[in-house]
Amino acid sequence: MSEPLLEVSNLTLDYNLGTRKMRALDKVSFSLDKGEVLGVAGESGCGKSTLGLAIIRLLPRVAEISRGEVIFEGTDLLKLSEEQMDRKIRGQKITMIFQNPQNALNPVFKIETQMVDILRVQNKYKNPGTQKRRRDFRQEAIERLKITGIADAEARISNYPFEFSGGMKQRVMIGMALSSGTSLLLADEATTALDVTIEAQINRLITDLASQYGTSILYISHNLGVLSDVADYIMIMYAGRVFEMGRTDDVFGNPRHPYSAALLESLPGHQAKGNRLLSIPGFVPPLDRLPAGCSFHPRCRFAEEMCRQQAPPLIEVSKGHWSACLLDQKRGRQKWQWI
Amino acid sequence: MLKYIIKRTLWMIPTLIGVLIILFSLTYLMPGDPASVMLGPRATPELVAELNSRLHLDRSMPVRLGYYLVGVLEGDLGISVWSGHKVSSLIAEALPHTVLLAVSSLGIAAFIGILLGAFAAIRRDSPVGGIVTIVSLLGVAMPDFVAALLLMLVFCIHIPLLPALGAGTEGGPVNMATHLILPATALGIGWVGYLSRLMRESMMDVLDSDYIRTARAFAVPKSSIVYRYALKNAVIPSISVIGLGVGKLLGGAVFVEIIFSRPGLGKLIVDAVYARDFPVVQGGILVATVLFVLANLIADISYAFVDPRIQYE
Amino acid sequence: MAVDLIQIKGLKTYFFQGKGLLSKWFGKGLKIVHAVDGVSLTIRKGRTFGLVGESGCGKSTLGQTIFRLVEPVEGEVFFNGRDVVKMNQAELRKFRQKAQLIFQDQFGCLNPRMSVGQIIAEPIVMRRGQRKSQQEIAQDVAALLRAVNLDPDAAVKFPNEFSGGQARRIGVARAIALNPEFIMADEPTSGLDISTAATILNLMQELQEKMDITYLWVSHNLNQVRYMSDDMAVMYLGKVVEMGPTSEVFDQMAHPYTKALISAVPQVFLGKKKQAIFLKGEIPSPINPPSGCRFRTRCPHALRKCEEEEPALIDLGGGHLCACHLQSH
Amino acid sequence: METQIRNQFETGTKTAPVSLKRKWPDKLRVIFSAVVKVKGALWGGIFVSMMILCAIGAQWISPGDPNAQDIVHRFADPSLKHLLGTDYLGRDILSRIIYGCRIAVLVAFGAVTISSIIGVLLGVAAGYNEGKKIDYLIIWLFDIVRSFPQIILALAIVAVLGPSLFNVVVALAFTAFPFYGRVARAQTLSVKESDYVKAGEAMGLERRKIILRHITPNILAPVIVCLGMDMATMIIWESGLSFLGLGVRPPTASWGIMLRNGYKYIQTSAWMILWPAVAIAIAMIAFSLFSEGLRIALDPKERER
């Protein structure tokens, strides 16, 4: 099996907010092969966005990575200096698109200026010494807009961002983020803020371009439906920990963690009208006062004494299917009947 | 863009008309008969009658308003009761000094303030942040005329370093510059404090915004992120404040010009007030107001140049 | 046969932009936004009517017109047989105690400077009826807070001390304070996580069964509308393109837009990924909507006829209506 | 019918009925504790209350009679007898500064109250019927008065009306009311569009009640914060006008007049300028810190942070 493109092991990260120390990521480990799409699912506050920002090293000042490695194409990104990250990785090998397209582009600069700036920097780092004129960069920018399906890109490129709709701004971001050199795209809730039909178009655009360039994607979203469409593999996170990981059909088909099963039972798409959805009692624990043992045990219907003591490791409970639930690891597949 | 400029300029006209009406109606607030009040001790019946007819004070209100408006449009701001000179020539003589003072103090203050604020936002843990807080407190604590007095006390009396009085017009540019240092600093301190704090806050917000994160995600070099992408957005609030600042400066100049007895529009107005020379007061205020309105217009338009969204509002 | 609670006939609500003095001289003159452009539908008592469509289709405006928060240009809204559009202030006030609104912005609809207790008590206090003692009102507020499973001592706290999900439940508590017959919920779970959204959906269903409330359920989340609603309508750019019993609309999708919308909805789906129908282009602006059928600019089967003539809603049987020329062939 | 709700959901024991809102002393405690938490606002509050105390009880607090002249010991340096020294007529500077507080606070409160009342009323009226003729008229009025450099217009008004405490207050109020008007109008516009106002209408609340319970409280808080900041500006202008001899008539003790005399005798004594300048500086910092604390305390969202 060729060496994976991205190998994250035991990644642990804390946010130091004044007196409180929030454990945002706790021993997160996974690997991603070339050209594959890994969906990262979880509710707000589970650390999925932090994971993306940690990989591309765009964390806020208060964030501090205390342990773990992020091996990308053989090098540990956490060991690189900011300057090396810019020179070799950011915007070339690893790119990122964000949730809110409305202010992802600088409001007071034309689309053209921003795209040309980025292309010029990438060119400077990728093949230093070659002198390309502004017109070439502008032409390349127009090409990229055309690829993402923006009509009359030639004219629209000299508009300002506020003249573009949300969907079109996201297309500009995708045009910049996906090119032949990109190995990994981090998409953080890329289509959450868009309408349903536009969302479908954008997600198809992302997956098509990625497969065309052989780019693998870390697709972060709280919408399980989108992940089911887009991702080959799914990773479900809760309060900074990975609870389950595996092929999409395995994780959604027969969940090996009560939390994953609960999420599926809470989706309106799964229930006939009349019978109630499952609503998990209680709240996500604050990240600076996580309960001992498995952090889900206070809300879990199946929690037993051992769940309260032991913090469950992530173990491969069946071929390519990992779970962090002690009951599942000890007694094999459970039915997780919540209702 | 042009349509926006025309729209803003057209909106200025009703405002200026309103200004003229208020200025005109000020005379009605005057207790007693305006002419005798203006002539003061020299008021003899003939002089009062002559002044009344010259200033059309004896006519009915609308007619006088008409004369006044027509006069202003023709640039005739009336004649000084005290010195007999045309008001417009008095102003023309005094105005350049005030403009020089305003531009130099606001210019320097804006330059230092914006740079200080931006730097404090970029290097958040550097001592510059402390300097900004102190300067902004200083700016709040010392209004321009108190600052002028203290500066004169220290630099003219106790450490006789800088000239205290006059504008040094006779001594050529170097002399004028030295005469300008203290008054400009007095006016500028408040502004350095205010602008640096405003700039720091807006720069910090901008640096935490999504589009800066996008630029960093695409490895755009730090320098162009800070000095192009962030600065252009962060400077927007300062521009509108500078537009308003000109108004405050014209006001502040009144005190500084009196304390340092420099010739200028402010001093002209105050001296006219003491001498109860009302046409000069009226003319002086009108010119100051027009300057202020123009400054605001220029600020609005430059605002639209920096932020393209304004034109389409 | 369920009695009709609300009948809407040919309702039109326009917004006039550029009416002000300044924009008349300098602006591009009068711009009319055809937010709701001739909508007729019936909501049966005790059932949930789903209203689905993307942003800018006018579903929220339609909702607010029913409550006369926005004045319609044309059309009637019958509530229990009386036309709300022609009601005077007194009648309107009585109607508004029977019909309540749950807003999309869960924090925006709560006055930041009033305590939660005051917010929920406001409809009770406001009703003339019998004067209530302070004790009784406090009792009712505590009962209402428990009804939406919030702790009664939340009454003294301010709205910003609560999470998104809790704030939404405070809005629900206020809405059911006067035991209304009809509630319009405008995107009740937008911005909420899966489990918080599930609690809101369960709560609303429980209230419907206990208090026999009729819901107008406005949402762009089709899974949710399919789960919650008995009848539904699909809106596009101010007009209803398809309407009928929810199971009918989902099973025999007639209008191309409905097909595209339902196929585009992300579903947790095992096995081969289903092929979604992808519409071209962006949603046009409601200021100058396309002539004839408004969907023709994005419709994969647009005919010449679609440009000239606007398709009427025709009955495909069993109350399943659709406005598309393809059907009438 | 309400009983129907109650017994439907009545679960558990009958808990003591909870009050709907915190009582007034409770609210003040929350606001006060919030103000104190803000860095520096506590000191601001202390000095502001000290100033108000001096203004009210000047005659008990000040060591001597501010107008008592003692020509023999004029221009005296600070000593035990005269803590801050004496001025050109031998009057005790400390007493004059304490009495000066009275003028400063009086003018500031007077001008701020008048201008805020006029400003807010016009602002709310303009904001409430946005787009109509009255809105344009009020905006026109605001723009006209705002076009004048404020101190120059105030100076002209006082010159015309004749210098006196009342005329100073009137002049300052007239030049400042657009400042409040614009804030009030902007707030009215944003509050008017808010969902909680729509919720009130959808509930069938009368127009009057909506204005009283929903619109006014949400407008007053930002305006109150402006009051705090504007107090500082008014104190500067009062002393400025007095400095020009257009404010309060001497011999009443006002910081501006003390500075005016100080300027005349700048060569002979520094104290006559230094102490009033320090007094003004403290007043300015106190008011701006206090109003910053007020701003955070009055806004429930900021309070939480």
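We call the chains A, B, C and D, going by the order they appear; numbering starts again at 1 in every chain.
Operating definition for what follows: contacts are C-beta pairs under 8 Å (C-beta built on N, C-alpha and C of every residue); 3 or more make two chains touch, one makes a residue touch a chain.
Predicted model, so just to flag it, every value in this text is computed and none were measured.
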Touching both subunit B and subunit C: give me those chains, sorted by label. A, D
Counting C-beta pairs in contact, which comes out ahead: A-B or A-C? A-C
Indicate the whole-number Å distance between the mean C-alpha point of subunit A and the mean C-alpha point of subunit B. 53
If you average the CA atoms of subunit A and of subunit C, how far apart do the two points sit, in angstrom? 33
Taking the mean of the CA coordinates per chain, how far is subunit B from subunit D in Å? 24
Within the complex, subunit A is touched by subunit C residues 54-55, 163, 193-199, 201-202, 205, 220-224, 226-230, 246, 260-261, 263-271, 273, 276, 278-279, 281-283
Which residues, counting only subunit A, touch subunit B once they are in their complex? 56, 58, 85-87, 89-92, 95-96, 98, 100, 103-109, 114, 117-118, 121-122, 125, 160, 162, 173, 176
Of subunit D, residues touching subunit C in the complex: 1-2, 4-6, 8-12, 15, 17-22, 131, 136, 194-196, 198-205, 209, 213-214, 217-218, 221, 299-301, 304
Okay, in this complex, where on subunit A does subunit C touch? 43-44, 151, 165, 167-168, 195-201, 203-204, 222-226, 228-229, 249, 252-253, 262-264, 266-273, 276-280, 283
Note which residues of subunit B are touching subunit D in the complex, please. 14-16, 18-19, 22, 26-27, 29-31, 137, 140-143, 145-146, 149-150, 152-153, 157-158, 247-248, 250-252, 254-255, 258-259, 266, 269-270, 273-274, 276, 281, 284-285, 288-289, 292-293, 296
